[in-house]
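Chain IDs A, B, C, D, E and F follow the sequence of writing; residue 1 opens each chain.
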Amino acid sequence: MHDIEHLKPFGKPKFIDRGITKAVELLQEWDGGPVSGIGLIGMPLSKTSISHSGASAAPEVIRKMMNSFTTYSIERDVDLQFAPITDFGDITPHVTDLKETQARLEQVMEEVLKKNPGMTPIILGGDHSISASSIAAFCNVHGPVGIIQFDAHHDLRNLEDGGPSNGTPFRNLLERKKINGDHLIQIGLRDFSNGKTYRDYAKEQGITVYPMSEVNARGILGILEESIQQLQSQVSAVYVSVDMDVLDQAFAPGCPAIGPGGMNSDTLIAAIQFLSSHRAVRGMDIVEIDPAIDFRDMTSRLASYLILQFLLFRTSKP
Amino acid sequence: MHDIEHLKPFGKPKFIDRGITKAVELLQEWDGGPVSGIGLIGMPLSKTSISHSGASAAPEVIRKMMNSFTTYSIERDVDLQFAPITDFGDITPHVTDLKETQARLEQVMEEVLKKNPGMTPIILGGDHSISASSIAAFCNVHGPVGIIQFDAHHDLRNLEDGGPSNGTPFRNLLERKKINGDHLIQIGLRDFSNGKTYRDYAKEQGITVYPMSEVNARGILGILEESIQQLQSQVSAVYVSVDMDVLDQAFAPGCPAIGPGGMNSDTLIAAIQFLSSHRAVRGMDIVEIDPAIDFRDMTSRLASYLILQFLLFRTSKP
Amino acid sequence: MHDIEHLKPFGKPKFIDRGITKAVELLQEWDGGPVSGIGLIGMPLSKTSISHSGASAAPEVIRKMMNSFTTYSIERDVDLQFAPITDFGDITPHVTDLKETQARLEQVMEEVLKKNPGMTPIILGGDHSISASSIAAFCNVHGPVGIIQFDAHHDLRNLEDGGPSNGTPFRNLLERKKINGDHLIQIGLRDFSNGKTYRDYAKEQGITVYPMSEVNARGILGILEESIQQLQSQVSAVYVSVDMDVLDQAFAPGCPAIGPGGMNSDTLIAAIQFLSSHRAVRGMDIVEIDPAIDFRDMTSRLASYLILQFLLFRTSKP
Amino acid sequence: MHDIEHLKPFGKPKFIDRGITKAVELLQEWDGGPVSGIGLIGMPLSKTSISHSGASAAPEVIRKMMNSFTTYSIERDVDLQFAPITDFGDITPHVTDLKETQARLEQVMEEVLKKNPGMTPIILGGDHSISASSIAAFCNVHGPVGIIQFDAHHDLRNLEDGGPSNGTPFRNLLERKKINGDHLIQIGLRDFSNGKTYRDYAKEQGITVYPMSEVNARGILGILEESIQQLQSQVSAVYVSVDMDVLDQAFAPGCPAIGPGGMNSDTLIAAIQFLSSHRAVRGMDIVEIDPAIDFRDMTSRLASYLILQFLLFRTSKP
Amino acid sequence: MHDIEHLKPFGKPKFIDRGITKAVELLQEWDGGPVSGIGLIGMPLSKTSISHSGASAAPEVIRKMMNSFTTYSIERDVDLQFAPITDFGDITPHVTDLKETQARLEQVMEEVLKKNPGMTPIILGGDHSISASSIAAFCNVHGPVGIIQFDAHHDLRNLEDGGPSNGTPFRNLLERKKINGDHLIQIGLRDFSNGKTYRDYAKEQGITVYPMSEVNARGILGILEESIQQLQSQVSAVYVSVDMDVLDQAFAPGCPAIGPGGMNSDTLIAAIQFLSSHRAVRGMDIVEIDPAIDFRDMTSRLASYLILQFLLFRTSKP
Amino acid sequence: MHDIEHLKPFGKPKFIDRGITKAVELLQEWDGGPVSGIGLIGMPLSKTSISHSGASAAPEVIRKMMNSFTTYSIERDVDLQFAPITDFGDITPHVTDLKETQARLEQVMEEVLKKNPGMTPIILGGDHSISASSIAAFCNVHGPVGIIQFDAHHDLRNLEDGGPSNGTPFRNLLERKKINGDHLIQIGLRDFSNGKTYRDYAKEQGITVYPMSEVNARGILGILEESIQQLQSQVSAVYVSVDMDVLDQAFAPGCPAIGPGGMNSDTLIAAIQFLSSHRAVRGMDIVEIDPAIDFRDMTSRLASYLILQFLLFRTSKP
C-alpha cells in the first residue's frame, strides 16, 4: 500500500523477531474452497446458560491468546508453521431468538462439514449448549458418532424446565436420537455437581461415566485407551467435547461453574494429546470459558494451548 | 424460635443501633392482598441485550444496597419508616425462551397492577427491553400513558434485525400501538450514541427529544415542567423510565453502555424528586445496571437512593 | 401468599430444575428444638486478627456458595437431600468490645451444645481466634477433647503482646487448661511461617507436629490414622480445626496469610473425608477465609465443599 | 556509606530531577524536640468501625501518595520546600483491646500537643472514632474547642449499643463534656445517611447542621465564614474534622460508606483552603479512607492534596 | 469468499442493525494515496515515561472504543458516516532503543505530512514524549507552529537528568528551536504537579500559562478565544496537544499521573469542539492514557469521543 | 529520639510479637564494608521487555513480601535470625537510555562483586535482560561461569531485531563470549514458547536443554545432580537464573508470559534448596515478576520464599 518504513496498519504486530512465528499466524481465513486439516469455528452463544455467562466472548479471546504462543513444539522438535488452521470465523447469533441461533449453529456447521468432509473441526463455544448443535451437525454428516466428554457435569438435564440450555446438550442429542447412550463417555464428573436423577438417567441410557475418583485412581490414559476401544468398533467417528470446568478451579479460574476436586491441567493436556493422535477422533469442541471472569485469560490461554497440542499430535508422529 | 441471646438466624443484621432504621426494612414482602403506596417488582432479564449484559442481577443488588441507607431524610426531616414499600419479588425468566419471558413480564405485571390499581410500581430491570413489557401492562391497566424517558439512546431500533432487544422497547410499544409518539418524551440523548435513522423515526412519530445540550442549557426542572404539562392534558398517567446510562460514565460506572458527555447524578436526583411529587406520575422503572461491571455497586447504590427519593417526595409535602 | 405464576419473593431461586437439589436447601434454620446430625454455626469475628482481615464475612459467603453445589455425590451415589444441616445462624459480635464478643462465642456455643448434645457442630469463622471460644465450649460440654489442627502456623503465640488474637487460640486453650498439649496435633506447618519460640513451646507442651514435609513424605492418611489412634484412647471427642491457610496459595487464594509450599486441596478433601467417617470426630471449624480478597470465592467454595464431604462421609457408608 | 555511583539503598527514589521536589520530602521524622508548624500523626485504628473497614492502612497510603505531588503551588507561585511537615509517626494500636488503643490515641496525642503547643496537628485516621480521642486530647491542651465537621453523617450514635465506634465520636465527646453542642458545626449531611433520633439529639444539643442542600444553595464559603464567626468568639481554637465520605461517591470511591448526593472535591478543597488561612484553626483530621477498596488510591491522593493545600494556605499569604 | 449465511470472518461484527453505523467504520486504512480530511496515526511509545506506563497500548484501545459510538451527532443532526478518517496505522517502536523510536516517530510523521499536506492529523500516544517528535515533524512541514497544550504539567523538565522523557517534550522542542515560547500556551496546570524551576523557565521563555484557577474563573472558551487570537497572527498553524491528565481523576481514571483539582470532561469536550472549528488548528495529539490501569476504558472512551467531536466540528457548520 | 510510648516512626511495624522475627529484619543495608554471606541487589529494569512489563517494581515488592515470612524454618528447626542478608539496594536505571542502564547494571554489579568476592549475590530483576549484565559482571570477577537457567524460554533471540531485550540475555552473553554454550543448562522449556531457530542455535552452541517433559519424567533432582556434575569440572562457579515463568500459570500468575504446562512451585522450591546447598553455586537471580498484574503478590511472595530457602540451605546442614 505504501512504502513508509516503520509504519504499519493497525492490528499488525509492532515487533517481529525473525526467529519466532506466532501461533496466531497459523489461522488462515477460510477462502470458501475445500479444506482438509484442522478448521476452527466459533459458536459465540451463551445466552442459553442457566447462570449468567459471558462465554460468547471466548472464541475471540481464545484466538487472541494464540498470540501468546509460538508454532514450535520443543518436546517434539516440530514447527507447526506449515500446518495451518483454517479459520471459518464465527457463526452469528440472533440477538433475542435463541432457538434461531441454535438452528443456525447446526445448519452452518453442517454446511461447513459437507463442504469439507476431510476437515477436523475444532469448535469454540460458547456455553455447552452449542455441543448439541455442533454434534447434531456432525452426526448428520459423519453418521453414528461416539463422544468423549470431559466435564464436571452430566449435562443431561431435562429440556422441559428451561429449554435447550447449557445443562442439556447430551440429553438433547439423545432425545433427538442423534446419539446413542452407549456411544457417550463422560469423564471427570464431580461430587455435588450433578443431580441423582440425571445419574440414574445416564445409567438407563447406557452412558459410560468415569468420575474424578477413577481418573485419579486409574490415570487418564488408561481410561482413554478403554474409551477409544469401546467406541471405535461401534461408530464411524469420535467427537471430543471439552467443558473446561472439568478442571479444578485452580487451573481454570474462568469457567462459570468453577469448583474444587477437579482435574489438573497437565492431565487434560495429556488427554488431548492422546486423543488427537487417534484417527478416529474427528472433531472437538471447547466450551464454558467466560473471559470476563477469568484471571489474566488463563483459561482461554489453556484452550489455545490445547488446540496447538491437538494440531501437534494430529500432524506429527512421535 | 429460641431464646439464646446473641444468636441470630443467618441473614439478619448482626448489629442493631436503636436510633437507626435501615432502608432495607422498608421492603415488606407482598402478602397477596391489595396494596396502595409504592410497590417494587424485579424484572431480571438481560439476555435480550445487544451486547453482553448482567443487568439481570440488578434487582438483587439494588435491594441489597438499601442496606446502605437509612429511612431518614435530613433535608426534609422526614422518617420514612412508616411508609413501607411492598416488595412483590421478581418475575421469573425462562432460561432459553426470551419471548416467553417477555410475555411473563407483561402478564404478571398486568395481574399485579389489576390487583393493586392504586399502587405505584417501581420496576427494577434488567435491561431496557423490560420497559416494553412493563409499559404495555401499564397501558393495559391504566389506559393511555405518557412516558418520560431518561436515556442516552432513543431505544427506537427496528425489531426486524434483532427482535425485541434492549434497543427497541419504545419502537416496540409504538408498533404495538400501546403508546403514541406524542406521549413519549426522551431526555438526555447524547452525541454518537444513536443512529440518524432512528432520530428521523422519532421526528416522524412526534416524539419529543431533549438532548444533553438542552438539559445543560435550560436546566432539568424547566424541561420537566414543560414535559409534565404537555403530557398531563393528554394521558391518564405518566410512567418514568430511567435508563441509568443517561448519566455520565463518572457517575454511573456500572452501565453496559457508559460514555462521556452525560448527566451528573445530582441532576437525575432532582428530576426524580420533581417527578415523584407529581401525582400524574404513576410508575417508574430503573434499568441497565450490570452489577458485575460496576465499581463498588455505585450505580445500584444510586438506584436505591432514587427509589428512596421517589418515596420521600411522593410521601411528604415540602 | 399469592397465586400469580412466575412471580417469586426476592431471594428465592429464579430457575428450578426438577432433577437438581441445591446444597443450600440442606440448610434448615434451627427451630429451637433438639438436633442431632450436623449443625452449622457462624462466628463472624475477625477484628481479633493481627493483620487486617475481613474473615467475619466468611459465614455468609460460605453459605452462599452452597448454591454452587448440589446434594448428590456421584462418587458414592448418595443424595444428601434427606440429611439436612441445621443452621443455628451466627453469633452476633460486639462492635468494639472484642472480649465481650469472645465471651459470647463461648457462651452461646456452650448453650447450643448443651441443648443438642448429639449434634456435630461445624463452626464457620471468622479468624482462628474463634477456635479458642469454640473449643472451650466444646470441652465444657464434652470433657477432654483432642484436636486435629490443619494450619501453616502453630497459633501458639503469647497472649501478653496482643491479647487473644488469631495467633493465639491454642496457647489460650492450653493456658486456660481447657486442653492438654498431648491432645493437640498440628498438621501442615510450614517453613518461615512460625517463630522458633513457639516451636519450642509446642515441644514443651507435648504437642504433636507434622510439618508439610511429613505430609508430603508419608501421605495425609497415614498421619491421620496415627493421629486418631493417638487421641482416641485419651479423649472423649475429637475436634477438627481447619485453618484454610494450610493450603498452598494456588488453592486458597482468599486466606489473609497465603503462601507457597502448602497443601493442595485434594489432600485436604481426603483428610476431611477420612476424619468425618470417624465417630470420634465430634466437631469441626473452618477459619481464616477473607472473602474480600479471594478470587471468585474459590476459598469459600472449597469450604462449602468440605462441609458437604464431611456430611457425606458422616452420613453414608462406603 | 559507599561510593558506588548508581547504587541506592532500597526505598530511595530511583530517579531525581533537579527541578522537582517531591512533596514526600516535606515529611521530616520528629526528633523529639519542640515543633511549630504542621505536624502529621497517624492513628491507624479501624477495628472500631461498625462495618468492615481497612481505614487503618490510610496513614501509610496517604503518606505514600505524597510521592505523587511536588512542593510547588503554581496557583500561588509558592514552593513549600522550606515549609517542612514534622512526621510524628503513628500511634500503635493494641491488637485486640480497642479501648486500650483509644486510650493510647488520646494520651499520646496529649503528650505530643503538650510538648509542641504551637504546632498544628494533622491527624490521619483510621475511622472516625479516632476523632473522639484526638479532639479530647486537643481540648485537654487547648481548652474549649470549636469543631467544623465535614461528614455525610452526624456521628452522634448512642454509645450503649456498640461502644465507642466510628458512629459515635461526637456523642462521645459531648457525653464526656469535652465539647459543647454549640461549638460543633456539621457540614454536608445527606439524606438517608442518618437516623431521626440523632438529628433530634443534635437539635437538643444545639449543634449547627448544614446539610448538602444548604451547601449547594449557599456555597461552602458563605457557610464557613458564618461558622468561623460563630465559633471564634466562643472558643480558643477550632478543629476541623474531615470525614471523606462527605464527598460524592464519584470523587471519593475509597470510603467505606460511599453514596450519591455528596460534595464534589473542588468544594472540599476550597473549604480546606479557606479554613487553613484562619489562625483560629489549630488542627485537622482526615478519616474514613479504606485504601483496600479505593480505586487507584484516588481518595488517599485527595487527602494528600488537602494536606498540601492546608500547608500552602497556612504558610503563604495570597 | 463463501456463501454460507450467518458465518462471518473473525473480527467482523456479529450483529448489524441497519439503522446504526458504528464510528469504528469511519476508520479507513490508508491506501498510500494523498489524503485530506482527518488522519489518525498511532505512536505507541511509553517506555520513555518517568514512571511505569502502559500508554503504548492506548492507540489500540482508543480505536477499539470507536465501537462504542455511532457516527451520528444528535446535537447537530449530522451523520459523519461520509466523513471518513484515514487510519495511517501505528509507527512501530524499537524494542530497546528509545531514541531510535523517537527518530522514527518524527521521520514517519514528516513523511506522512509531506505526502498529505492538506490532512489534519490526530496523533494517538503513547506518553507525552511523542509530542516532541510529532510537533517537530509538524514544524518541519508547516513552518512556525503555535501550540495549545492541555495538561496538569509544564512538561518542560531538563533533558540532562533523564533524557527525552514524557516530562520534557516542550523543553525539547524549545531547545531544538522547533518552537518558540511565545507560541506555546499551556492550559489547566495544577498545584503540586510541577516544579518552581520549570515555572520560572516558562516565564523566561514567554510561555503563556493558564492554571486551573483561571479556567474555573474565566471559563475555557474565553481563554481559548484569547489563545487563538494570540497565536493566529504569529504562526501558520496551531497544534493542540491533549494530555488527558489535565482532567480531574474522577473523569480520567486511566492516566498514569491522576490527581484531584483538575478539569471536568465537559470542559475539555467544549474546548475541543471550539478548537476544531477553527481552521488555524491543523493537528492534535491525545496522550497519557494507560489502558491497563483505567476503569472500563473510560479514559480511552473519552478520547474516542473527543476525536469524533473534533471531526464533527471540523466537518459541519453549526 | 523521643520517649513517648506507643508512638513509632512511620514505616516501623505497628505490632511486635516477642516470639516472632520477621524475615524482612534479615535485610541489613550495606555499610560499604566487605561482606560475605548473601547479598541482595535490585535491578529494576523492564523497559527492555518485548511486551509491556512492570517487572521493574519487583525488587520493591519481593522485599516487602519478606514481611509475610518469619526467620524460622520448622522443617530444619533453624532460625535464620543470625544469618543476615546484606541489602545493597537497587541499581538506578536511566529513564530513557536503556543501554546506559544496562551498562550501569554490569558496572555496579562488578564493583560490588570485586569489593565482596566471598559474597553470594541474589539479584532481583527486572526482566530477564538483566541477567546479561549480571552474569557478565559475574564472569568478569569469577572467571568461567556455569549457568543453570529455569525458564519456559531459551532467551536466545537474535540481538539485531530488537536489541538486548528480555528475549536475548544468553545469546548476548554467548556472542560477547562471556559464557560458553557448554556451560549453559536450560531447564523447564515448554512447547509453543520458543522458536525452532533458537532451538537449533542452542544445539549448535552445545547448550544443554531439559524441557518440561524431562523434568516430569526424571524428576528435578536427578537433572540437577547431572547438571552440577557436568558444570563443576569445567567452571569455577555456577550461577542460577530463575525466570519465574518456568512455573505453570496456576503457581506464578504474575509473570508477563504466563502459560500452562509449566512446573509447579514445590518442584522449583526443591530445586533451589538443592542448588543452594552446593558450594559451586555462587549467585542467583530471580526475574520476570510484574507485580502490577499478579494476584495478591503470589509470585513475589514465592520469590521471597525462594530467597529464604536459599539462605536456609546455604547456611544450615541438614
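By our rule, a residue touches a chain if its C-beta (ideal position, glycine included) is under 8 Å from a C-beta of that chain, and two chains touch if they have at least 3 such contacts.
These are the chains along with the protein names UniProt gives them: A, B, C, D, E, F = Formimidoylglutamase.
Note that this is a predicted model, so its numbers are computed, not measured.
Taken together, subunit A and subunit C share the touching chains B, F.
Taking the definition of touch as given, a chain qualifies here only if it contacts subunit B and subunit F alike; those chains are A, C, D, E. Different-residue interface: subunit D and subunit E share under half of the residue numbers found at their contact. Looking across C-D, A-F or A-E, the pair that copies the A-C interface, with over half of its contact pairs the same by residue number, is A-F.
Annotation, subunit A versus subunit F: rotation angle of 120 degrees from the Cα superposition, expressed as a multiple of 5.
Taking the CA centroid of subunit C as reference, the farthest chain centroid is that of E. Mean C-alpha positions place subunit D and subunit F at a centre distance of 43 Å. Distance between chain centres (mean CA atoms), subunit A to subunit B: 41 Å. Looking at subunit B, residues 15, 50, 95, 161-162, 250, 293, 295 sit in touch with two or more other chains.
Contacts between chains form some other arrangement here, matching none of path, ring, star or all-to-all. Listed by label, the pairs of touching chains are A-B, A-C, A-E, A-F, B-C, B-D, B-E, C-D, C-F, D-E, D-F, E-F. Here subunit E touches subunit D in the complex through residues 50, 157-158, 160-162, 167, 189-199, 201, 209, 211-213, 216, 248-250, 253, 257-261, 293, 295, going by the rule given at the top. Those residues of subunit F that touch subunit D in the shared complex are 1-10, 12, 14-15, 27, 29-32, 42, 44, 59-60, 63, 87-93, 95, 104, 107-108, 111-112.
Listed in rising order, the residues of subunit D touching subunit C in the complex are 47-48, 50, 52, 54, 56-57, 94-99, 129, 161-165, 292-293.
On subunit F, the positions that touch subunit C within their shared complex are 15-21, 23, 68-77, 79, 250-251, 265-266, 269, 295-296, 298, 301-302, 305, 308-309, 312.
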